[in-house]
Amino acid sequence: MTERVREILSWYKSENPGVLTNLARMLNHGRLGGTGRMVILPVDQGWEHGPARSFAPNPEGFNPHYHFQLAIESGCNAYAAPLGFLEAGAADFAGEIPLILKANNHDSLADEEDSWQALTASIEDALRLGCVGVGMTIYPGSALRMEMYEKVREYAEQAKAAGLAMVIWSYARGSQLSKKGETAIDVIGYAAHIAAQLGATIIKVKPPTEDIEQAAAKKAIEGAGIPIGTLQERIKHVTDCCFGGRRVVIFSGGAKKDSDADVIDEITAIRDGGGFGSIIGRNCFQRSKKDALELLDKIVKVYGA
Amino acid sequence: MTERVREILSWYKSENPGVLTNLARMLNHGRLGGTGRMVILPVDQGWEHGPARSFAPNPEGFNPHYHFQLAIESGCNAYAAPLGFLEAGAADFAGEIPLILKANNHDSLADEEDSWQALTASIEDALRLGCVGVGMTIYPGSALRMEMYEKVREYAEQAKAAGLAMVIWSYARGSQLSKKGETAIDVIGYAAHIAAQLGATIIKVKPPTEDIEQAAAKKAIEGAGIPIGTLQERIKHVTDCCFGGRRVVIFSGGAKKDSDADVIDEITAIRDGGGFGSIIGRNCFQRSKKDALELLDKIVKVYGA
Amino acid sequence: MTERVREILSWYKSENPGVLTNLARMLNHGRLGGTGRMVILPVDQGWEHGPARSFAPNPEGFNPHYHFQLAIESGCNAYAAPLGFLEAGAADFAGEIPLILKANNHDSLADEEDSWQALTASIEDALRLGCVGVGMTIYPGSALRMEMYEKVREYAEQAKAAGLAMVIWSYARGSQLSKKGETAIDVIGYAAHIAAQLGATIIKVKPPTEDIEQAAAKKAIEGAGIPIGTLQERIKHVTDCCFGGRRVVIFSGGAKKDSDADVIDEITAIRDGGGFGSIIGRNCFQRSKKDALELLDKIVKVYGA
Amino acid sequence: MTERVREILSWYKSENPGVLTNLARMLNHGRLGGTGRMVILPVDQGWEHGPARSFAPNPEGFNPHYHFQLAIESGCNAYAAPLGFLEAGAADFAGEIPLILKANNHDSLADEEDSWQALTASIEDALRLGCVGVGMTIYPGSALRMEMYEKVREYAEQAKAAGLAMVIWSYARGSQLSKKGETAIDVIGYAAHIAAQLGATIIKVKPPTEDIEQAAAKKAIEGAGIPIGTLQERIKHVTDCCFGGRRVVIFSGGAKKDSDADVIDEITAIRDGGGFGSIIGRNCFQRSKKDALELLDKIVKVYGA
Amino acid sequence: MTERVREILSWYKSENPGVLTNLARMLNHGRLGGTGRMVILPVDQGWEHGPARSFAPNPEGFNPHYHFQLAIESGCNAYAAPLGFLEAGAADFAGEIPLILKANNHDSLADEEDSWQALTASIEDALRLGCVGVGMTIYPGSALRMEMYEKVREYAEQAKAAGLAMVIWSYARGSQLSKKGETAIDVIGYAAHIAAQLGATIIKVKPPTEDIEQAAAKKAIEGAGIPIGTLQERIKHVTDCCFGGRRVVIFSGGAKKDSDADVIDEITAIRDGGGFGSIIGRNCFQRSKKDALELLDKIVKVYGA
C-alpha cells in the first residue's frame, strides 16, 4: 500500500471497510496501481448509442469478451459496463480486473429534451457478479434531475452499505441548460459537487470549457479571481468543487478525437490540474486492439509520470 | 447433452445452475432437442388482438388445451402463453412441454401512439405453474420504453434468481419511430442489444428489413461495410448485436403469410444467418391442426438440417 | 358433489384446493346448488350510484341486513357487496351465505370520460369477513385500463394464494369505445377473455348486443361465419371467448327492466347459450321483498330447468 | 354500560374487540357518556386556515394545552387534532380525554380547484400517543377523490387492525360539484354513504341543505317522496344513508355562527333527526373559555335531553 | 442541566428519551450551552447555489473540514450540512460538535416556478454518521408542498423513532405566493405552524416582514390587534404560532448582510421577541475565518446576554 493510496483512503474515513477495500482495489490495480491515478475502460455505448454506431468501426467489439481483454491487457484500473455486458464475461474473467456495474442506462431511440436514465441493474446484481463498485448517471440540468438524484442516492446508500464503491457519472444536460452550458466550467463544477454531496466515492465529469453558464457563478468566479483560462486551471477548479480535492474525480474522454496528440494533451492537462484520471471508451474500443493498446500505453505513461 | 448445447450454455456462465438447467430443458426438448435451434409456439394473440380475431379462423383455438396439444404433437421446444391460458392447462399437461409464462400484455381496445404492456402475471405465478421461463415485451421507440425497461429488469432479476430463463420480446414501436423504422435493421439490432443488456436469456425480435432508421447508424453500417442486402446477412448482423452471437436470439413469424413457401424461405434465411430459431404463432394456430403440423414439420426440418 | 360441479372444478386444476373449495361452496349453495348454474345478488349500487338513487325506490334497502336476508331467503348462490355493507352484516349472518367482497369501487359524483375504480378493500378484509371470494371491476376501453389490469392481477394473485375465488366484473367503458361498443359482441367477448387471462375464477360481463365495434373483429367473425344474430348465439360466443367454455361466465341484469317477462327472456337465452348464471341487483332490491322473491324464484326455475 | 351503548356496539359486530373498546370509550366519556350521543372538540384549523385566522380571536388557543383543557372541562366525549397539537399535550393530559389523531391535512396557502389532504401522521403515531381513533378527510367531488379513498381505506384497515376507531370527515368539494352542491342533501347523503362503505366507525359530515345536486338523485328522492324540507328530515335521510342508521354519524358546526340560538337550533334538529352528535370547533375555541364552556353546556344539555 | 433547558424539554414530553437526549445535546453544547438559545452553522449552499457562488468568496470553504472547524471554534450549538459534506468529516471530528444531516436538497440549475427538494440522505445515514438530528426543508406555497409534507412527515416519524431530533426548514415559496408574501408575517407564521404540526423538534424560518399576504389573515391579525410593527413583535407572533412558545423556533440569517451592525440588530430583535436562536451560514463562511469568528462571537454575546 503506497502512501498516496493511504492518503486518498484517509479522505473517506466515514465509509465502511468494504468501501475502502474496493476503492483500494481499483487504486492498486493495473499499471497505475499505487500512483493514485486511474484509467477506467467504460463500454456502455451499445446501450447509449446502439450496437451498430458503437461497434461497427471495430467489429471485435460486438463480443463482450473483447472489452474485458482490452481492459486487462492495457492494464486499466477497472472496467465498467452495463448488466448484460458484465454477465457475458464476469465468470470468464473472474478476478482478473475490478468491475463496475453501470446500473442505469439510456438509449438514443428517442430525442427527448429532458431525459433520464432507466434503472437497468441492481446492487444485488453487482454483488453476484463480483463487482467492486456501481456506476450511475445523473443529468443535472434536466427537468427530471431531482428524481434521478433520489434514485442514485438510494442506490448509493445500498451500494456503500454492501461495501461497494459508488461511481457517479454527472453529465449536465437538459432543457434547463444551453448547449454550451453542458460543459461550462461553472456547470461542470456544480455537477461534480452534487455528485460528491450525494455520497459518490468516485466522480466522473466531462472536461470543462471556459464558458460560464450562470450569471451568479460568473460574478463569483470573476470576483474571486479564480483562474479558468486553461484546461489545467479548470481541472483544478473542478477538483476544488469536489470537496477541496478530497474526492476522486476523473474525466471522460468525450467524443472520438482526431489525433492521439489531442488525447494526450487533454490527459496531460487533467494530470497537471490535479485530476485523478480518465475514463475513456470510444477513443479506445473503436480502433483496432493494437492501436488501442498503444494509445492506452501513452495515457498510462502520462499519468504515471 | 450435445456439444452444441454445452457450447451455448457456456455463454451464460454468470447465470445460476437453475437458469442453465431451464435453458437446457428448452434446448433439449422436442424434435430440435440438442441441435441448438428452437421452435416455440406462442399464443398471446387472444390478449393482444382479441379472441375473435385470433381464434375464429380455427375455432379449436378458443380452447386452451388445443395449443398445449399442438405444441406437444409438433415437437416444439416450448409453449408460451399468458397467465390464464397456462392456468387452464398447466396441470393437465404437466411435464409434457416446457412452458414460458408471458408476464406482460397489451390489448388492442385502444389505439395509443405510445403503448406499454401491463404486468399480468408474476414470477411466483411462473413457479407455481411449473414454467421454465418468463417472457416479457418491451417497446423500444415508445415514449414509455424507459418505464418498461425498469419493470422488465426487475422481473429479470427475480426470475433468474429463481432459476427461470428470461425471454424478452423486443418489439420496436411508438411515436419515436417511423412505421418502417419498426423493422429497420438498425432498430432491430438496437432493440435486440437492449434486451441482451437487460439480462435476457433468450431474445425475440422481428425479422429485419434493409431500411435504416437513424442517420448515425446508417453512417456506421455503411462506413464499416456491414452487408445487409439479404435477410440472411441482416440476421447475421442481429446475432452480432446480441453480444457477437453469444446470446440466443430467435425470430417471430410476423403476420400470417400467404404461402408456406414464404414461411420456409424466411426460416431458411434465419437459419443460414445464424439465428437460433423461430417463435411462430398465428401462422400455426390459425390454420387446421393438420395443416399446422405439416407446416411445423417443414420448419423443424429446415432448422434440423 | 354432483358430476356437473366436478366437471366445472376439473377446469381449474391449476388452482389450489382453497380456491376449488370456495368455488365449490358457491356452486353448491342455495336453490341452484349442484346444477352448475348460479344466481348472485350484488349490491354495490350505493357506491356506484349513491344511496338515494339506489335505495329510495325500496327504502328497506338502506339497511345492509336487508340484502343479506334477501340473498338468503331467495336461495342465491352468493351475495356480493363492498366493504362497509359486508362489515355491517358478516358477523350477524355468518355461515348463512357465501360472501364476495367487492374490493374496488367508483362513485358517480363526477363524469369522467375515462374512469377507474379505487381500491376500497383488501384481501385481508375478505379473509377476516369470512368471504369465499373477492370481486373486482376492470374497464376495458378506458385509457386507464392498463393500470386497472395490473391492480386486479395483483389482487388475483393474493386472493387465490389465500384460497379465495377471484370474480372479475369486466365492463367495457371509456374514451376508446363508442357508446354502442360498450356492449358490442366483439367487445364483450374481448372483455371476458381479458378477465379469463388475468386469472379470474368467475367472469361477469353484460349481455352482448349484435353490434361489432372493431373492423378486424367484424372481418374475423363474419369470415368464420360465427352466428351472433340471437342473444343465445352471442352468449355461446362469449362462453367460447372464456377459454372455450372452460371458465364460469355469468351475466349482469343490467338496467332495471320494464317487465319481468323481459328479464326471464334474457335469462332463458343466457341459459340456452351456455351461460353459467346471472348476477342481478337493481331488478331485485329496488322492488319490494315479496316481488323480488317472486322474480328470483322465476329466475332460479329457468336456470334449474 | 348502558343499553343504548350496547345497541350501538351491536352494529359493529364485525369489528375486533379493540375497535369496540375504543368506540365505547368515546361513547362512555364525558357528560354525554352512556347516552349514545357525542360532542367532539376538533382543532385542526391551525393547519387548515393558518394560526392567525384560527387563534387570533382568542389568543389562548395558540397554546395546545388550552384545547385539551377546554375539551376536558366542558365534558366532551373526545378531542381531535393533528399530530403536532397532540404531541404537545398527549403526555401532559394522558388518560384525561379520548384522543383522535387527525392524520391528514390541507393548508390554505393555495387555492386549488381540486384539492386533497396530505398524510401528516401515521397509525403508529396514534398508538404511541394513546389515541382511541384516527380521523381522516375525504373530498367526494374532487377530481382527486379516488386517490383519497384509497389512502383512507389503507389507513382504516391498519387502524382497525390495531384496535383504533376510524373517523372519516367526508367533505364534498371540488370541480365536479357546484358550490351549493357541496352541502346539497343528495351529495351529503352520498358522501356519508361512501365513508360508511370505506369502513368508517364514525362519520362526520356537514349539515345538509335542501338543494339536490344530481338530476338522478332528485328523481329518486322525489319519486319516493322522501321528506327533506326541514333540517330534521334531512338529518334523518343522512342517517338512513349511513346503513339505515346502523353507523354513528355526527355533524360539524360549520362556520362561526352569529348567535348561540342559531347553534342550538341546529343541534336540536340534529338530535331530533337521529344524528349522533356534533363535532364543533371554531364556534368553541374562537370565543373566551367562559363563553365556550357556556355554549358547550347548552349543547350537551340538548343532546342529553 | 439548567432549569431553562429542563423547561424546554418539558414541552416535548411526548417524545422518547432519545429525542430529548439529542435536543439536550444541542441545547447544552457550545458557548450558549444551557441558556436555551442556539446558534447553528448550516452549510448547504454548495447544493443550493453551487460551489463557485458559495465558496469562491472564501476558498477555504471548498474543504468540508473548514466548516466543522469553524463551528467548533466559534462554539456553535450544532453544524448542519448535506450527506457528502458530513461524510467528509464526521469521522475526523467525531464527538466534537452535534451534527444535523440535511436530508433533502435542491439545486439552482433550473428556475422552476414550483420547486421541491429531492431526498438526498436517509435516517440510517444520520445514524451511521453520529448525528443528533435530521434537517429537512418544506416549501409552503409551492404547488408541490403537499408531497413535501408527506415525505417530511415520514422522515420525522422515522427520525424520532430512532431518537433523532427533527429540524424543519419551513421556507414559504412557489407559485401560490407573491414574492413579498414569502416573508410576510402571516405566511411565516403559517409556515412555522405547519412545521410544528408535522412534528418538528426545531423549526427554522426566515425573519418576517410586516407584509400580510392573505386577506383573511389580515382581518384576523388586525381584528385582534396583534402588534407586528417591529421585528421583535413579529418574532413574538411567530413564536406564538409555534404552539404558544412551546416549540423551539430559530431564524435564518438570510442573504449576506452589508454590515455586521445589521446582523446584530436582527439578532437582538430575535432574542427580545423570544426567538430561540439563529441558523446563520453565508454571513459566516463567506468571510475569512477570523472575521467569521468575530461575528459569531458578537452573535453569541447577544444571545447569551
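Assorted remarks:
Labels for the chains are A, B, C, D and E, by order of writing; each one numbers its residues from 1.
In the analysis below, a contact is a pair of C-beta atoms (placed from the backbone, for glycine too) under 8 Å apart; a residue touches a chain by one contact, two chains touch by 3 or more.
Just so you know, these numbers come straight off a predicted model, no measurement behind them.
Between chain C and chain E, the least number of touching-chain steps is 2. With steps allowed only between chains in touch, the distance from chain B over to chain D comes to 2. Both chain C and chain D are touched by no common chain. Work out the mean CA point of chain B and of chain E, and you get 58 Å between them. Spacing of chain A relative to chain E, judged by their CA centroids, is 36 angstrom. In chain A, there is no position where the chain touches two or more neighbouring chains simultaneously.
In terms of which chains touch, the assembly is arranged as a closed ring, every chain touching its two neighbours and no others. Tracing the ring of inter-chain contacts outward from chain C, first into chain D, gives the chain sequence C, D, E, A, B. Taken together, the chain A residues at the contact with chain B in this complex read 46-47, 49-53, 55-57, 59, 62-66, 82-92, 105-112, 116, 118-122, 124-125, 128-129. Contact residues on chain C toward chain B in their complex (touch as defined above): 11-15, 140-141, 143, 145-147, 149-150, 153, 157, 161, 172, 176-177, 186-187, 189-190, 193-194, 196-200, 214, 216-217, 219-221, 223-224, 226, 237, 240-241, 243-247.
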